[in-house]
Each structure stands twice: as C-alpha cells, then as structure tokens.
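One chain, subunit A, links the two complexes that follow: it is found with subunit B in the first and with subunit C in the second.
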Partner chain A sequence: MSGLSRASRFVWFARSKNRKAGRMKFSTYILKRILTWAVTIWIGVTIIFFIPRMFPSDPIENMLGQIEARSGSMDPVAKEAMRQQLKIQFGLDGSLLEQYGTFLWRGLFHFDFGPSLMNYPSPAGEIISTYLPYTVGLSGISTILAWLIGNFIGLLAGFRSKAKSSKILEAIAIFIYPIPYFIVALILQIVFAFLLGWFPLTTTINSFNGTAVFIQSLIKASILPGISMLLIGTGWWIISMKSLSASTAEEDFVQYARWRGLSEGRIGGTYVLRNSILTQVTALALSIGGVFSGSIMTEIIFGYPGVGTLIQKAILQSDYNMILGCITISIVAIATLTLIVDVIYPFIDPRIRYS
Partner chain B sequence: MKKKILSVLLAAAMVSGTIAGCGNSGSTGTTGTDSGSGAEETTTDSGSTETADSTSDEGEKEEAKPAASGQMTEVGTPREETLIVETQTPTDVPGQFNTYMQGTQAGFGIHQLMSAMLWEMDTVKGEQYGEVADGMPEQNEDYTEHTVHIRQGINWSDGEPLTAKDVAFTFNMIMNNDAIGASTYYNSVFESVEATDDYTVVLKTKEPFPRLAQKFGVTIWGNDMRVVPEHIYSQVEDVSTFKDENPVVAGPYTVKSYDPLGKWILYERREDWDHSTTGVVTGKEPAAKYVWFRYLGDDTTRQMAMVNNEVDILCEVTPEILTSMIAQNPNIAAWYDQFPYATSDDPCSKGLAFSMGKGAPYDNKDFRWGIALAMNFDEISTNIFDGIGRASAWPILTGTSAMMDLYYKPMEDWLESFELDLGDGTTVKPWDPDYAERMGENLRNQGYDIPTDHDQLIDMFGTGCWRYDPEAATKLLQKAGLELKDGKWYFGGEEFVCNLTYIADTEAQAGRGTQAAYDQLKKFGLNVTIASESSATWDANGSTGNYDIAGYWPTGGITRDLYTVIQGYDADLIVPTGENAKGQGCRWNNKEATDIIHKLAQISPDSDESYELCTEFMKIAIEDLPFIGFHSGIKFVPTNSTYWTNYPSSQNPYNGPWWWWSCFKYIVNELQPVA
Partner chain C sequence: MKKIWKNSNARFRIGLIITLIFLFIGFVIYFIPHADPFTYNTYANKLGASIEHPLGTTSMGQDVLWMLVEGIHNSLSIGLIVAAIGTVVGVFVGLLAGFAGGILDRVLMVITDTFIVIPSLPILILMTSLMKGTSTVILLALVLAMFAWAWPSRQIRSMSLTMRERDFVHVAKFSGENTVEIIVFEILPYALTWSLSNFMNAVLNAIASESSLAVLGLSPADLVSLGNMIQWARDRNAIFNRQWLWIGSPVVATVILFVGLFLLITGYNDYLQMKRGR
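== the complex of A and B ==
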C-alpha cells in the first residue's frame, strides 16, 4: 500500500468504499426481501388457516354423513358416541387461537400439518408427499418445456415477423391458445386413447413389476397429459414473447446494432432476447410456483395423480389440515421462487442494481 | 390474413370430423381390451340372451363381439381371467387394509372380497343369513345373553382356522381401543364377549338387545363389524394405526398388488378358496382368478372405458350415459336389457324432507300434505328419468321388491280408504293407485315396449303415488295457516318463501327430483327458490336442520323388521335446530311413533308383534307425512358381457346389482367367463 501513489490510493479507497457500499446495499436488499418473503408467507398461511374454518361445513358431520349415505341411518347412540370421539381425535375441541398457534409452530416451522381429517390418522404431509412428485414432475416439466419452446417461437415470430415459418408458428399458437384446456385434453384423450388406443384412457401406473415397467407405465401415462399442458402453455408464451420481442426489435439500440453490421442471429440472441426475457422470467417463476397447487383439470380428465384433486377433495370434505398442507407448500414455493428471481435479476439484466 | 385463419380453422374441423367418423368402433385397439369380430350374440348361463339386434333410441347398435384371448391388462394379468370392477373413489391411503384404522376405504374391494361378516344379506328375499356365524343368534328371554355359533371349516388365508376366539377377540379389541370409532358404542352395548369353545361365542349385553344380527351383521351396504385374525391383530401394538399392508383374510380373495397412488387394487383368488367364507357358505369356486378394482375418473372416461371393454362393471351412471354406451357396445346392459334398464330395488327412496324443527308451517302435517298434493308426480317422474322407476311415495320406507310384498301391497286397502280432512268439511283420498297403468300407457304411446300385465307394471312403476289435486292442496295449505291473496301465498302476514335444497355432487336422481318439485311448486303458485349444496355443506346443514325442504333420502328398508330404519325418528332424540342432530335431522316429533319405536326396541325382530308395530308405525308416518317419497333408489348399473356373463339381472335376479356392497363376493361366485 505504501508504494502506491496518492492518486492510486484514492482510487483504491474509492473503489473499496463503493464495494463496501455495494455489499451493504446487497445485504440490506436481501434482508428486506427475506423479511417481505416471511411476511408474505405468514399472511398467506394465516388467511388459509382461518378461511376453511368459516366454511359452512364440518369434517365430523361430513364423515358421519358419508357413513349414513352409504350404509343407511346409524344407531343414534353410536352416532353421538362417534361424534364426540372424533371431535377429540381431530383436535377440534381446542379454541381457534390454540389451533392456530399449534399450526404455526408445527406446520410452518416443521411442515407437520397434523393428521388428514378425511384419512385420519394418516398424516396430511405424508399423503401430500406421495402425490407432490407426480404433480411437480408433470407440471414442472411441461411448464419449463412450454416456456422454452414458446419463448423460442415467440422470439422468432417477433424478431423475424416477416418470415413464413414465423407466421405459421404464430398462427398455430393463436389457434390453440384460446381453446379451453379441457377441450384440448378431451380431444387428445378421445383420439389417442379411445379411438386409436395408443395411450391409456386413465392413468394406471404399474409399480409392482419392476422399475422398468414402472417407468414405462409412468411415461405412457404422462404423455397425453403432458402434451395437453404443453400445447396450452406454449400458446401464451409465444404470444407474450412475440409482443415483447417485436417491440424490442424496433428499439434504437437494435437498429444501431444492425448498422454496426452484427449478424441477425447475434442481434436476436443477445440484444432482443436478453432485453425481452425479463418479464418472461418473472412469469416463469410464478408459473413454477403455481405448479405446486396441481393441475386439477389434467388430474380429473386423465386420472393423473396429483395434489390438485387432493385439494379439491379436502375442500369438499373440510379437511382443514390437508387444505393447509397443500396450500402452505404452494405459498412457500411461489414466495421463494419470486425471491430467487428478485435476487438473480441483476445477473440477467446488468441495468438492474440492488437498491 | 383473415382468410388464412379461416382456412386453418376449417381444415382442423375437417380433420376432427374425419377422425370422429372413423372412430365409431370404440371397441378396437385399446390396451387389453381388443375385440375381434365373429359371433352375433352372447348367451348368459341364466339363459338370457343379449342380442345384437336389440335397439336403442340412439340408432342401430354394432354387433356384439366376443372376448379376444391372449390380452393382458395394464396390471399384467390375463384379461380373460380378470374381472374389472370400477370403484367409486380412489383412496388417499393406499396399502391400508385394516378397516379399524380410520380412513380405510372398505368399498375399494376390501369388504366386497376380503372381509368376514358375521351375518350377510340376501338382498332379494330381504333376509339375513350367517356368514361367519352358523345361523342366527340364540338369545335368552330378555335378550341380554346371545349365543352365536361359528361356522366350521373357514380358514384365514394363511391357513389358520377362523374360530370363536377370533370373533370374541374382535369385539373385545373394539371395546378396548378408544381410537376405534365404534368403541364407545360397543362399550355401551356389551357387558362381555367370550368364546366358550372353539366355535361358540357368548355375548352379554347391558340392556335387552334383540337385534344383534341386524346391528352387527349386514343389512344394506355392509357392516363395520368385520372379524379379524386374532393371531395377527393381537401382536399389533396399536390396531388403530396398523395399516395391515399384507392382509390375512377370510374372504375368497387376497391382495396381489395395489397402486401406491391409490387408484387400483388387484385381488387374487385364494388357492384354498374352498376354506374361505364364500367357499364354505356356497361350495362354489369363483371363476375369476383376479378381480381388479380400479378408479376410472370422470364420466367421460368411465364411458369410454366401458365401451372399449376396459372395465366389466361400473357402479352407477345416468340413463343418458347408459343408452349411449349400449348404442356403441351391445355387450353392455343393465338390470333390464332394454327400457327401463334400471333396477328400482335400491333401498333409499328419494323425495322431499321437511325441516320440522323450524316450526310452522313445516311442522304442520296439513302443510306437508298440501305440498304433496300440489305436485303432479307423473310430470316429476318424467322429468327425473323419463318415467323410469318404481314410485315409492311413503315416508321413510322404500318400495323395494321385498318391502312391496311385506308392506306396500298388504296396506293397499288401508291406503285406498285413507282420507285427509281439508278443513272445510270436505275430505280427499290422497292415494292414487292408477299411476303404474297410466305411466305404462304413456310410455307405450312414446314407443317403448312396456308390458301390459298389471303385476309387471306394479313391479316396474310401484303400487301408486300421491294424487295431484291442486284444489285439495290449496285447502290444506290454508288449513295450515297460509293465505292466498292475489295469486300469492302469505304466512304470518308476510309472503311465504320456501327454499328447496339439493346436494350438488351426488345422486342425480335426488337432484333432478328436487328440480322437478321446484317446477311443480312454482307452477302451483308458491314462491319457492332452489339451491344446491356440496355434500359437505349439506351434511352440516342437514344435521342442524338448516334448510326448509330438501331433496334427500332419510329412508331405507330391506328387512321385515323396520327398527333400524325408524329408530332415528325417536322424538326423544330431538335437539333444537342449530345443534347437531342425534337422530334424524328433519326432527319429526310424533309421540305415537316414538312409543312404537320404544316398544320395538324391546321385542324380537322376528316376532309377529314386531311386524304389526312396524305396520302401525307406517300408518302413523303416512298420516303425518314427514317425508314425501318420489321413487325408490333407481340404479343404472351397467355390466359388460364381453369377458364375463351371468350378472344378476331382471331375468336372473339371484342378487341385486350392488357391486359396492359386501354381498358382491356372492355375485362374483356366480359369474362365468365368456371364453
């Protein structure tokens, strides 16, 4: 240090101060974002804790009702005895605040949501963990593929809007996108499963005859649901990316790059894509977060296992713990992915700073 | 650009049309269900013939195609050895076969194929018989000591004999384990349960308990008392959390494999089937080596799977779905092989229940009778299932075949002379015995092949319904305190508004019936509204009495003794509206009826006195009308005879088509392979 000139020492000091200030800004930013993340999750799960308890239904009466609906009227003494017994077993005899406190401690900090009331005493978390991998696998892969394909086609359609191939791909996207998802899914099911018989009508995963048979049956069962989600998902990404890239392509800096003689490929990949992709990255994070809530239509039409139908059943049967479990995971996933995107934004777009 | 988009759309539509046009043969080329061509008819063992030329409204059917050999199911079993049965809901707890652990879905084949019941049900005769028990219980004079003999020769699937010790152990296990739902009730009933020797159990009850077999044996769907093997369950630390993934059972099938995601269970016939419950009771070997219970999903998928022969038995569909399937695959049939298709023997009649705990006017019998006579049942019936179904107008007691013979027909004379006082010095006879003849003629006029024989018509459409008499209905409502001014009805000085509730996500019959009732009451001039509720919401509202009139089914009736059906109507059980009901949520408060229920509790269900009291109860119930019945449970339960035949049907009624009941194991025994 002593060998440095005054000017050099000043530059070093200034840079060091800037780095320190940068680190301070970064850590303050991260702290603020983490705090926002925690508050978001707390507000979300608090709402989702209280809302099901305002339903005009009761898990115990629902269970008794189901017994009576299938096997006729219960003996009144047996019915009352079971009602009292279930109230204690389900933990619904404590005050609402006590239940809330227990949930925050167990559910939020330990991901222990208690027993599923519709499948008592099996833990809700255990049931969710059985179905979640299938939901995340199918929806996650199809969401990412749709994002990649959609953005690629959208970029071509926006950046090279006069090319014939771009027009055809855009026309396909415009044609498919407005079709309701269930129509696309039903058409695929009717044509490829019912009429042609290439795929199973409903998901049957065979896990008892070895890994190879399991993987084969899983892939076979996942193709139609995956394609249906891909088709619908891709349309939106194409349309949105086309719009973004078309407006970016008209920017001065893109024209300047052309005048500089850069190749169209480089302009598209470096200048247009990088400036158009930001919004898409945020949307992708939200879409991936949403994956954890399941895709109820896909699960119903193709009989695909997943948390979507689990949530639906839990709502219909007032299974508070199951609702809390599924939705808490979804809230945490969306909030966390949004946090990650916020943190990595400056790496994608150098114009953005942690301030 | 617009032209280009239009041409793309047209091209897509043409491609879709071409594909759809080519795809009429739904029974081709799907996994494990491929059908060849050949024979034009499939003959069942019972001699009934399902011909290819039977027609439906939807046009000409395809020819019936026989089963193709060599096909494999998706779970790796030979198709011709596998009976595929639909289960109504998937399970969230796969691998859980212990029915004493809550959440276990007994209806997923567990109680249909594996469970051992003390007494089973002959659904045609309406009589119980011993399954694990050797005959009905022997009881002392005051019904506090009950001796149950156990059948000899039944073995558990691991080879151990099923004895009285298993039965006594099961009762005691329930009583000693608070976490089992029925524990408190069992403790309130039994003083002790002991095995006095290998094949005798003595049960002592705290109070006289004449209906042991009815309470702890099957009367309708099944019974939660299922005998478990002592040598397995006595080793378990906590039976209420023991999943029993490899169940040892007394029924004719055991679990071969199951889907860890809960969508299917594959059962395999026991090698020692002759030592299973059904083997010992009937001596018959079930022909199906495998029974695959699978969940199919939504109605569209169920329909396509049935047409493609990927399932042999569905639980229940609407008539529209059934006729559509029959038009595409002639091997599909229901109880009748043509119109009216459905069986009317499900013991849960649908109709309108009143929330009588709400007070006036719902607690007034004149009001309820006014509502009954304000509706044209012919139109209601047509609106529900095009006139299909047996009228079951009585409150509480469903008009099943057995109940028709035991109660409906013997009480015909009393019904025809029964009169209502209209409050102005006049009376009306509300019973309309001509419904069957009238509906038969209406349907014949529409081109349906309806018999003219009176008895057949009665079997098809019931003994009668409540008369449509708007004038009498007006007088009855006025007698109940309602006022008619300028075409509007008032009660207590305010316009009378009444809401009809029905359950949205179950039983199309009940929902359509309520909608039809709404139309009728609106036409009559009442200001009614209609709302649907999820079953979860209804279960709470039905119990607390939070409704006006509901399309529901607090009904039953399959055995001669009606105590188990009517005991919930004991007025002593009534709690204020808003609290969860101990008995029936409709809160019918009738002292005479309550006295009969109390008397019945003390006497043998097999006695003549019981029958007389039940008859008397029904007269009181009809006079008071706490419930307006529409039809008995109408069930369109389709079967597919491509791979299996000899399903129970109207021509071969050895059992009801109750695939979801525990008696299914006796139906499986009768099925025969086509190949």
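== the complex of A and C ==
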C-alpha cells in the first residue's frame, strides 16, 4: 500500500536493524530532509496534475452535461459563457504550462482546488477542511496509542523472549498484522455492531445539540474504527519491537549490566529500551503513509465522516476537484508529518546530535 | 529443496504450505470445468450449503464456491503480474543505478525515493476513478505496477554497490568479462535471491491494493476478485440478510492468504539471515 507498504516495512526493518546510525552534520541532515520533502511533494503533485490530462475525458463537458441534466437545457450563448467561466474556475484556461503553474500556486499555497461539483458552488478545499479533522483525529490518536502500547508489549516480549506469554503475544500479532485494514474493520463491524449490537452500524455524529452531545456521539462513533486501526498498528510495533529488543538484550553491554547486578527492570527500561526505540521512531515516520491509507479504508467501512468517506462520495459523483483536493492535501500532509518525525529524530539520537 | 525445508523455520513452512494450497486452488482446481460463476441466475438464489453448492449461492444465483475459486485465481494473477513487472523493472533500474553511478544514479535514486515515500493509494484512487467503467485487468495491473518497482530497485542498488567491490567480481573483470556479462552472470543470481522476498511482498501488496480499490468500487466491474466478491456481498446486503457463507468465505480466504504470504516472507528473510550467519 502506500509509502512503505506493510510487508516491505518488515524487509526494511530486518535489514536496517544492524545498521549504525549515519554520522552526518546536523544542518546537512535537516537541509537534505527538507529538500527530499519538497521534491516528494513536487513530484507527487506533478503526477496528479498530468495523469488526468492524459485521459481522453473532458471534465468541463462532463460537468456541463451534469448541470444540464439537473436543471434543464441552456441556450448556447449562456452555455459558452459558462464554459469559459468554468475553465477559469477549474484552472483549465491557457497553455498546459500556465495551467500547471496555476495548479501548483492555487493548490499548494492556498489549498484552493476550485468548486466542488457535488456541492456546487462551495469550494472543495472548504469542504475538505471540515472532514480533515476527523481523519487526523482518528488516525493520529490510534497511531500514537498503537506505538506506545505495541512498543511496550514488544519490549516486554523481546526482553523475555523465552517466556511462553511472549511467544503467544507475538503469534497473535503476526496473525493480525498482515490482514488488510478494511477486513479487520468489516469483521469488527459484523461482530460488535451487527451481531452483538454494542455499537451503531453506521456512524451518526450529532453536531446540532451542543458540545456535550457532540463529543459523546463522536466518541461512540470512533471506538470501533479506532480499535480496528489500533489492532493492526499495535501488531506491527509488537513484532518489530520484540525482534529489536531481543537482539539488543543479547549485546555485550546488557550482559555487562547484568554482571554489575542491575535490576532487570532497570536493564529493560534503560539499556534495552533506549537502544531499541530509535529505530522505532524512524519506523513511525515510514508508517504514516500506510496509516493514512488504512484510515481511508476504515472510514469507508464504518461511514466515518473523514477524508476517506469524502473521497468515496466524490468518486461516486465524479467530483474530480474534490478527489484532486483530497489527494493533494493527503500527499502534503503525509510528507510533512514524515518530515516532522525525521527532524525530531536527531534530538532523540545522541549519536547524531554530538557528531 | 529438501535441504531448504530442513533448515527452515516454522513460519516459513506454514507460510509455504498455505501459499501452495492457494496456488493449487487458483491454478489447478480453477481449470476443472465449471459454469461461469459471474453469470446471474445460473442456480436458484440464496441456497444454503449443500453437496452441489458447498458454500451455497448468492442472491444473484451464483455459486459461491466457484466464485471464490475464480476470485483466488484472479487475485493471485493480478498479484503475480504486478510483482513480475515490478521486480523486472526494479532489478533493471537498481542495477543500472548501482553500476552506472554518477548523475544517472542520483537522478534515478531521487525518483525511486519519491515513489517509495509517496502515498500510493490516493494516486491509485485518482487513476482508477478516471478509468471508471473502462478499466480492465491488464490496465489495473499496469497501474498497480507503477508503485511496485521502487522498493526492489532501492534494494538492488544498495546490493550492487557492495557487490561490485567483491573479490569474485574483480576476478571476473580481470578474466575479461565485460560489464554486461558481470551483471548477468555474477550479480544477477545474487540479486534474484534478494528479489524473491520483494517479489512475494509485491504480490501481497498488489492483492491488498486491488481489494482496497474494489471496496471503493474502482476495480473493474466484471472482475471476480477476492476484493470485488467482498464488495458485491456488502452491496447486496449479505450482512443484513445473514448470508454468512457468501460474505464470510472471501473474508476468511483473504485473511488466510495474507497471513500465509506474510509468514512466508518473514520466514524466508529469517532463513536468508541465518544463511548469512547472523
């Protein structure tokens, strides 16, 4: 799936485990990262600008057709005026290069993607901004929780890798982690919402009867989607952290700490944790893209009002401005979040800070 | 083969058995003559499990078992096609970058890194939603392959960088082999063992992406795949009508297939690491 996909994360992880952190000057590192960030966004946005233009369908004619179908036929002069107006609104006037410039300028710097077709004439960017907080909240909270819980369990399991409970925990994690997000969501929905009836089948968020009612319905609606994302996320962090801490626990300095007579808790919490957690911070940056894709799929299964559901609606109604807007924003958001995690990294890793 | 089995771990064995069972269903049982499972009203609607229809029939009178077999066949095919394209392109780009060096290497790696970092699902959604209605299996496979080459190419490049300093490559060079011969005869065999786990990885990813697109209604509408089967069952209210065999069989099949492939990949990686003496 997106970014570094889930199984390839395993390959990446298996091979990076024994690598020492690169020693690079701090400013060079940051500069390089920011450059990669800009290039990623630029190439991503360039791809999504040119792809629709390689397809034969003309969005303006489609849109005029849809408007006519809804409100009856128009006279040719009005139609021509509307066509020109729409071309300007959609950034389809002028040469390809001019269009490209407008697209970059409007989309990247103002998050203006033109009017949405399904909610014409409200701007797509405005509608996305009402859906975005739900996605950010759902995936953000479940990712952070999964990272904390998974690393904690993984550390315990790796530190006592011979214990039976560690092996059982790892087996469960290995069984859950490879399952696609939407299947976990579907199974939870069938079991807990349909068969047991503990949760509503579809999401209804009540935003009209005051803040307290809103928060209550939001929490109720978010539990199942949150759990389904948490399960897969936690699975990965358990698997990777267990493997990391198990190999760290065999290193000489840990053995030396044991001979010094330090308590097991101290060894686990300080010596093993500190040396294993660094890789997990980088892995967190790499996982953001996958989490976003997972969030899209989970939202669609539960009808949760985030960007995923919005994309699905937009696809059903062929609202390309909306699709383009959602995709541009998601590329920028994922690249930026990854950048933030990578920039924080040197502050956690003393080997980079002091060199 | 026997030696590999003997030296391998439990994960690898379980994964291999599951994967082989699925390959058998998808590419052997599939060819047993049967009625086209996609055609509506071939049989009576909503039958329960019976000897003629071990998994019952759908609300549209399709046999669920044969639909599942065809779904496994198509999902695996898409996965294998995408992985094949991705691996070939990835190995080629990786070797090219690793051996050419210089500006070509840098440019190729910037592009590769971007494709690794870029979120693929949104772009796949954009492309397939533009092809809505006209998309075919081949087209879908090509679109999915766009994101399958970057990861192998990164790995092959870093592998070939260390490879080209190895003694046996120097020996080959001094005994008069040219660069192409060195790449084909000396480096490629190594690259292929590394690529195998990437290949299986790409199969898993392609099947996952296809089923995600299917849930969004963006997979070709006449393609019987595991994802589309789940989506059709959801669309026709199989959950509300409690037709568990219909919705359950593709879900269970997908879960087993993914866990099996994942076990195979991780088991194979552990096996390689053990072979390298770590």
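Convention: the second predicted complex is superposed on the first by the 238 of 355 C-alpha atoms of A that agree within 3 Å, B and C clash if a C-alpha of one lies under 4 Å from a C-alpha of the other, contacts with A are read in each partner's own complex, and residues count from 1 in each chain.
As a convention for this text, a residue touches a chain if its C-beta (ideal position, glycine included) is under 8 Å from a C-beta of that chain, and two chains touch if they have at least 3 such contacts.
The structure displayed is predicted, hence computed values, not measured ones.
Q: Quick one: classify A:P180 as touching subunit B (first), subunit C (second), both or neither.
A: So A:P180 only meets subunit C here.
Q: Just to be sure I read the superposition right, which of the two partners does A:F55 touch: subunit B = first, subunit C = second, or both, or neither?
A: Both partners, subunit B and subunit C.
Q: After the superposition on A, what does A:R83 contact: first (subunit B), second (subunit C), both or neither?
A: After superposing on A, A:R83 lies in contact with subunit B but is clear of subunit C.
Q: Of the two partner chains, subunit B (first) and subunit C (second), which one does A:W237 touch, if any: first, second, both, or neither?
A: Neither partner.
Q: Looking at the overlay, does A:F194 come into contact with subunit B only (first), subunit C only (second), both, or neither?
A: both
Q: Kindly classify A:Y271 by the partners it touches after superposition: subunit B alone (first), subunit C alone (second), both, or neither?
A: In the superposition, A:Y271 touches no partner, neither subunit B nor subunit C.
Q: State whether A:I311 touches subunit B only (first), subunit C only (second), both chains, or neither.
A: second
Q: Go through the superposed model and pick first if A:M297 touches only subunit B, second if only subunit C, both, or neither.
A: Second partner only.
Q: Look at A:W147 in the shared chain and tell me whether it touches subunit B only, subunit C only, both, or neither; answer first, second, both or neither.
A: neither
Q: From the superposed pair, tell me which subunit A residues show up as contacts to subunit B and also as contacts to subunit C.
A: Correct list for subunit A: 55, 57, 174-175, 186-187, 189-190, 194, 300-301, 316, 318.
Q: Residue numbers of subunit C touching subunit A in their complex, please.
A: Counting only subunit C, the residues touching subunit A are 11, 110-111, 113-114, 116-123, 125-127, 129-132, 151, 155, 197-198, 200-201, 204-205, 208-209, 211-212, 215-218, 230, 234, 239-240, 247, 251, 254-255, 258-259, 261-263, 265-266, 269-270, 273, 278.
Q: What part of subunit A is in contact with subunit C in the complex they form?
A: 1-8, 10-11, 14-15, 18, 36, 39-40, 43-44, 47-48, 51-52, 55, 57, 174-175, 177-183, 186-187, 189-190, 194, 289, 292-293, 296-297, 300-301, 311-312, 315-316, 318, 320, 323-324, 326-327, 330-331, 334-335, 338
Q: Provide the residue numbers of subunit A that touch subunit B in the complex, in ascending order.
A: 55-59, 61-62, 64-66, 69-86, 89, 116, 118-122, 127, 130-131, 134, 171, 174-175, 186-187, 189-191, 193-197, 200-209, 213, 217, 300-303, 305, 310, 313, 316-318
Q: Considering the complex alone, what residue numbers of subunit B touch subunit A?
A: These residues of subunit B touch subunit A: 4-5, 8-9, 12, 16, 19-20, 22-23, 26, 28-31, 34, 74-76, 92-94, 96, 101-103, 107, 178-179, 181-185, 188, 215, 219-223, 240-241, 257-264, 294-298, 300-301, 304-305, 307-308, 310, 347-348, 505-506, 534-543, 554, 556, 564-565, 567-568, 570, 573, 580, 582-584, 660.
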